[in-house]
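The structure appears right after this line, and notes come after that.
Note that the chains take the letters A, B and C in the order they are written out, and that residue 1 is the start of every chain.
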Amino acid sequence: MTIKSNAASVRFDAVTKAFGDVVAVDQISLLIEPGKLVTLLGPSGCGKTTTLRLIAGLEMATGGQIFIGDRDVTKLPATDRDVAMVFQSYALFPHMTVGENVAYGLKVSGVKKPDAQARSQDALNLVGLADLGDRMPSELSGGQQQRVAVARALVLEPQVLLFDEPLSNLDAKLRRRVREEIREIQQNLGLTVIYVTHDQEEALAVSDDIVVMNNAVIAQIGTPRELYEVPSDAFVADFIGEANILDCEIESVAGDMAQVRLGDIVMQLPALNLAPGPAQLAIRPRRVDLHAEAVAETLPGTLLKATYVGTHMEYRIETAHGEIFAISGDVDDLHHANSEIRVGFRDPGPVLIPAA
Amino acid sequence: MNKFVALWLAVGLIGFFVLPWYTTDDAFVSFTWLRDGWPLDADYAPAIIQIFAHGKIWLAPLILFFAAVVPVLRGNPSDRLFAATLTFAGAGGLVFLLLQGFTIGIAGWEYASLEALFGPVERQFGMGAGAVLVAAAFLFLLTQGFAARGYVGGDLFVAGSIGLIIALITAFVFFPVSRILVSAFQDNQGVYAFSLFAEKISDSKIWGLRCLSENVSCGVAWNSLMLAVSVGIGSTLLGLAFALVTTRARLKMGKAFRVLTVLPIITPPFVIGLAMILLFGRAGVVTQFMASTFDIPPTRWIYGFTGIWLAQMLAFTPIAFLVLIGVVEGVSPSMEEAAQTLRADAWTTFSTVSFPLMRPGLANAFLLGFIESMADFGNPFVLGGNYGVLSTEIFFAIVGAQNDQGGAAVLAIVLLAFTLTAFYVQRRWVGKKSYVTVTGKGDAGLHAMLPKRLTWLIFAIVIPWTFMMLVIYCMVMFGGFVETWGRDHSFTMRHYADAFSVTTGEHGLIWSGAAWNSFWTTISISAIAAPLTAGLGLLTAYLLVRQRFAGREAFEFGTMLSFAIPGTVIGISYILAFNIPPLELTGTGIILIICFMFRNMPVGLRAGVAAMSQLDKNLDEASLTLGANSFTTVRNVILPLLRPAIAAALVFSFVRAITSVSAVIFLVSADYHMATAYIIGRVENGDYGLAIAYSSVLILVMLAAVSLVQLVISRRKLGRRTAVAGAEQAGAVAT
Amino acid sequence: MKKQITFIVGGLAAAWLAGTPALAAEKLTLYCSPQIEWCNLMVEAFEKETGIDVAMTRKSSGETFAQIKAEARNPKGDVWWGGTGDPHLQAAEEGLTEEYTSPVFDKLHPWAQNQAKSASMKTVGIYAGALGIGYNKELLAAKGLPAPESWADLAKPEYKGEVQIANPNSSGTSYTTLATLVQIMGEDEAFDLMKAMHKNVNQYTKSGSAPIKAAARGETTIGITFMHDMVTQVVNGFPIEIVAPTEGTGYEIGSMSIIKNARNMESAKKFYDFALNADIQTRAREAKAYQVPSNSGATPPDESPDLTKLKLIDYDFAKYGSSAERKRLLKRWDDEVGSLPR
């Protein structure tokens, strides 16, 4: 394999981007280690694509500094940055063959033709399109076009590889396969990859780290597991997977642990630097237990709806603290709608987050 | 070492130390300046010698601005000092260059107050090659300064292009136009008189509405407006019909149609009008036939609105066609296919998807038709009868018995107001909707067939129209071979011999025909102007569509301005502006080329804008992130995808350069005589035979050029299936 | 970089076409307003006789006047030869032309000398042409109309929609007609006639000679222009009949001026003298020019209307050529004639 990695880190130093009055990216600071795949995740309009384009040099920051490796690239145009990007629309040049598309970056950087051809063939091999170099992009399927776009970006051996929602035009099955391929290539080559998506499942599946963005700022940075298990606020908790958000009271804090009261239940949970007073609990649906009979440390409730979805059961329960959504792997021992029920939480289960 | 700074510094220094500073007659190109006393002779000396040997000491400070650049030669573009230095040196140098040019002219100081202050100075002539290089160097140093500050994303090519176009438009549009518009506020003695302006602009000859109640002519403003709107709508619809026929009807003769539709565009002015008179005039062939067969009394209906409208429709439909064909082809087939799969029938697909997608193109076509009609001079001149329009009134205000330049300027302002309003309305109508249909995703669909009803309607329009065109062109071709057109129809080759005879002498061929001189000048000037015009137009389109920068709106306005102003006004304003230093261009071929560039550039611009707004921006961005700079991106990605627009722009600029009249009349000189000016002289003299013969030859030459361009660069290569190959490939695509 | 290359190529192309007025000694830039054949004839003959290189541009007199005015601060032309006299007089009035008295001056017809004197020698007459009425005899016969004989006839109702004349606002020819009528019958009467004629006029053309061309091709029956333009149509084989109005008629004096601050003043004067010679004026016929030459020694073309047999009025060029009078008459024409319904 002749495609190498020149992976470099990416650093944001209080970067701001405003379009007129609209602030798309607000004072973001961020460090992405070399060789990592980091996802920018968030709802539409949260600024994730703008952040990616700032790295690419397709947008110019209105404030702050951007570094790739040790180099300050803040004012450098896209051309002069050692990055490559895979676009949502793939942006394959419709007037060039697949081979010409892949070799394009090499050609414009002045690589000799035989070298360029050999290297683009390597890249096509890597994405499994060895024989399609002479086709026109319009003659390929969506998945193939997508892989051409990846090959075209890879062949330049960029310091950073950027993906802008690369899978959104593919069907679900293909999406899973392609994202695994991307992850595999990234890990094999040790590339620095920054990946924009609004699909949390995709993000969890491929990332080393995830940067969750909301309203032009970073909501939380962490590994998939950290984000899932210790969301820092209600937004993250709800955006990554699903979560029940319940109001609670921190009664006291001792060291790292807090004593938390939710109705009749009193729990010892990691304090996460919160002070005594009102707070919220984020609880994953799979961390909720349902009991038909009265058990200590549970909440009373009424089962509103039970849905059988094959692999598991989904329940909606009305309690004094709000509606709770629960998932149970037990599809044999069923609870029935409209029955009185007790709701308990596993350990680890509830996570403290600041009050809204 | 920063190679861009070094390059432009070198260019500037060559301009300053080597090349002749002032204009040097034909000597510059023939290189006679090299042996005729350069570098010491006062006529050919470079700036440095002019300073020391010929007393032009005011040129000396320029060297300081170059010196200022030297310290940053090794500088880092992200350094603040780098940007500041380049900005200062570039701007300072330019300003100083202009200042000395405008204050010291052919009679020394231009302003008595300066003479009193500094004492008398030597006189100087217009800027020459040296000065132009120095100006360019300062300009591009300035734009590099801006780029280094992060303007337009720090892109040198984009910053340089913007700077270049702004400089050119300022020099060759705003400057001359302001010279003539100022005269709207002056009386004939050059004294400012605003009350006179108020009186002239509210004249009932311009705004009169008595035609609504009585049988008199309306004001020329209303006449022009009505004509332009009807021509704009008519030519857009007809152009659309032709575009649909050639692209969608899957005709065997589609190619032939293409050629036929552009025929009027390559017809020198007056010719269509004359042919129409000979056909439909009171003594015309058709009229006489109708009179003798059906007893319809001959009338003069062709003179007036109807006649002008017909002639302009004939003349301007091809423009709409050229704009629309790219748009019609550019509509993504998969969107039409999508509509069809959503159970839309052919008619619904066309009316709800294809047609709305063509909207920007339609708006552009209308705008062009409208403006062309407003500024057209030839057709109203021949066929106008008593129907006065602004363009003819402007012409006769200047050259007619009144010699009222101020009056012409007032009419020009009215005309300009109309065209700019049209421009604004068009912008509002197109709005901000996205019409991207060529995306980076391969698009392998087939264009939808036209609905049946529409097909018949289109054929019902296109076929008679085509027939009429054929008749007119037969008339024209025929006219060159008869003794006296419309009178004595005995066959002769006399007119061709008069114009294009070639005899052999002792030194080989002698081009003895009367037309050769103007013919060669016309062809070479147009051939030089065409690529420059198309390039300028497309570059501007690229900047407008693809780049965000401060002052974009004003920039766009400036590019449309020279197109919106009638040729007569441009012609006169060019003489006013470029007859004296610092830009002394009258009597040269350059002034013609420049005039063509800025008059015709908006066509390439509109075609480019329409085509480029259908190109997914991600394509350029992909190229940029792959390490191509914006210039390479334009060359490798955008231009190949814009082939139809380029073809249109090239063809159109070439052809318009050959066929333009009103501006050219004032700018031709003894050494640079243009074909149209020659033909008009013949027409004025009633010598239609030679005029027609000459026009026929020009038509053939242009036809050859058009075909060549069409052949070399026309269709986009997008890998869309053709109807035949479609079925076979459908399987392959489904992977 | 391509941009630079483009610039250089552009620069070379620009340079190739660059050219400013020359420094070579024997040269002449001629602005010529009559038909091109006549201009060519003059240039060839002059070059042959003097060896001076002539750069000639042909533009109509209105265009030339506009150009000379625009170029006033840096004149490019040397001599303006031909074209109707009014713009020449106007140029003289605005100080755009140079005073000069040719040694041949004494040999000129009195009307040509008067033209010069009224402009303090800043212009001179080189030919004269009288106004007339032309009609298409075939069309007239087909419609069974009587031939017009006088200006007054043109107002007769039977010619409704059959007469064409230029708009005096745009055409010097038509203004000359207007001034002629005023001088023949007095201003109010002249305007009454024109108002009566208005119903007969099918079009006020922009260009002065257009009416007779339209008549030649049968687009109108009667046209009012200069007689020498009618002669051209007759020679071209069109069925045009020329009428000298019984009330008398006015005329134009084609003129020549030297442009002020001409770059080649010596050559300009040589041309000036040359153009007034009898020999060259006699040769005008070769170029199908049928005006009457101003040198009394020159022979007018056979086809030319004989001025001595016409009832020529004593046209007051000084009065009717002045801007003020022109403006007043044109305004009155606009108000009383041009705006009439038809």
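Brief remarks follow.
Rule of thumb we're sticking to: contacts are C-beta pairs under 8 Å (C-beta built on N, C-alpha and C of every residue); 3 or more make two chains touch, one makes a residue touch a chain.
This is a predicted model, so every value here is computed, not measured.
Among the pairs A-B and B-C, the greater number of C-beta contacts is found at B-C.
Relative to the centroid of all protein Cα atoms, the closest per-chain Cα centroid is that of B. Between the Cα centres of chain A and chain C there is a gap of 85 Å.
The distance from the centre of chain A to the centre of chain B, with each centre set as the mean of the Cα atoms, comes to 52 Å.
The distance from the centre of chain B to the centre of chain C, with each centre set as the mean of the Cα atoms, comes to 34 Å. None of the residues of chain B touches two or more other chains.
Those residues of chain B whose C-beta lies close enough to touch chain A in the complex are 77-78, 150, 153-155, 438-444, 616, 618-619, 621-630, 632, 636-637, 640-641, 716-720, 729, 732-735. Of all the residues in chain A, the ones that touch chain B in their complex are 56-58, 60, 72, 74-79, 81, 83-85, 87-95, 104-105, 108-109, 136-145, 149, 152-153, 156, 162, 169.
By the touch criterion given at the top, residues 1-4, 6-7, 10-23, 29-30, 35-37, 40, 54-60, 62-63, 65-67, 69-71, 73-74, 76, 86-87, 90, 139, 161, 167-172, 174-175, 202-204, 206-207, 209, 213, 216-220, 232-233, 236-238, 323, 326-327, 330, 334, 339-342 of chain C touch chain B in their complex. Of all the residues in chain B, the ones that touch chain C in their complex are 7, 11, 23-26, 28-29, 43, 106, 125-126, 128-129, 132-133, 136, 157, 160-161, 188, 204-205, 210, 214-216, 277-278, 281-283, 300, 303, 381, 384-386, 392, 396, 398-403, 405, 483-484, 486-488, 514, 525, 528, 532, 535, 572, 575-576, 579-580, 584, 586-590, 593, 631, 635, 665-666, 668-673, 677-678, 681-682, 684-686.
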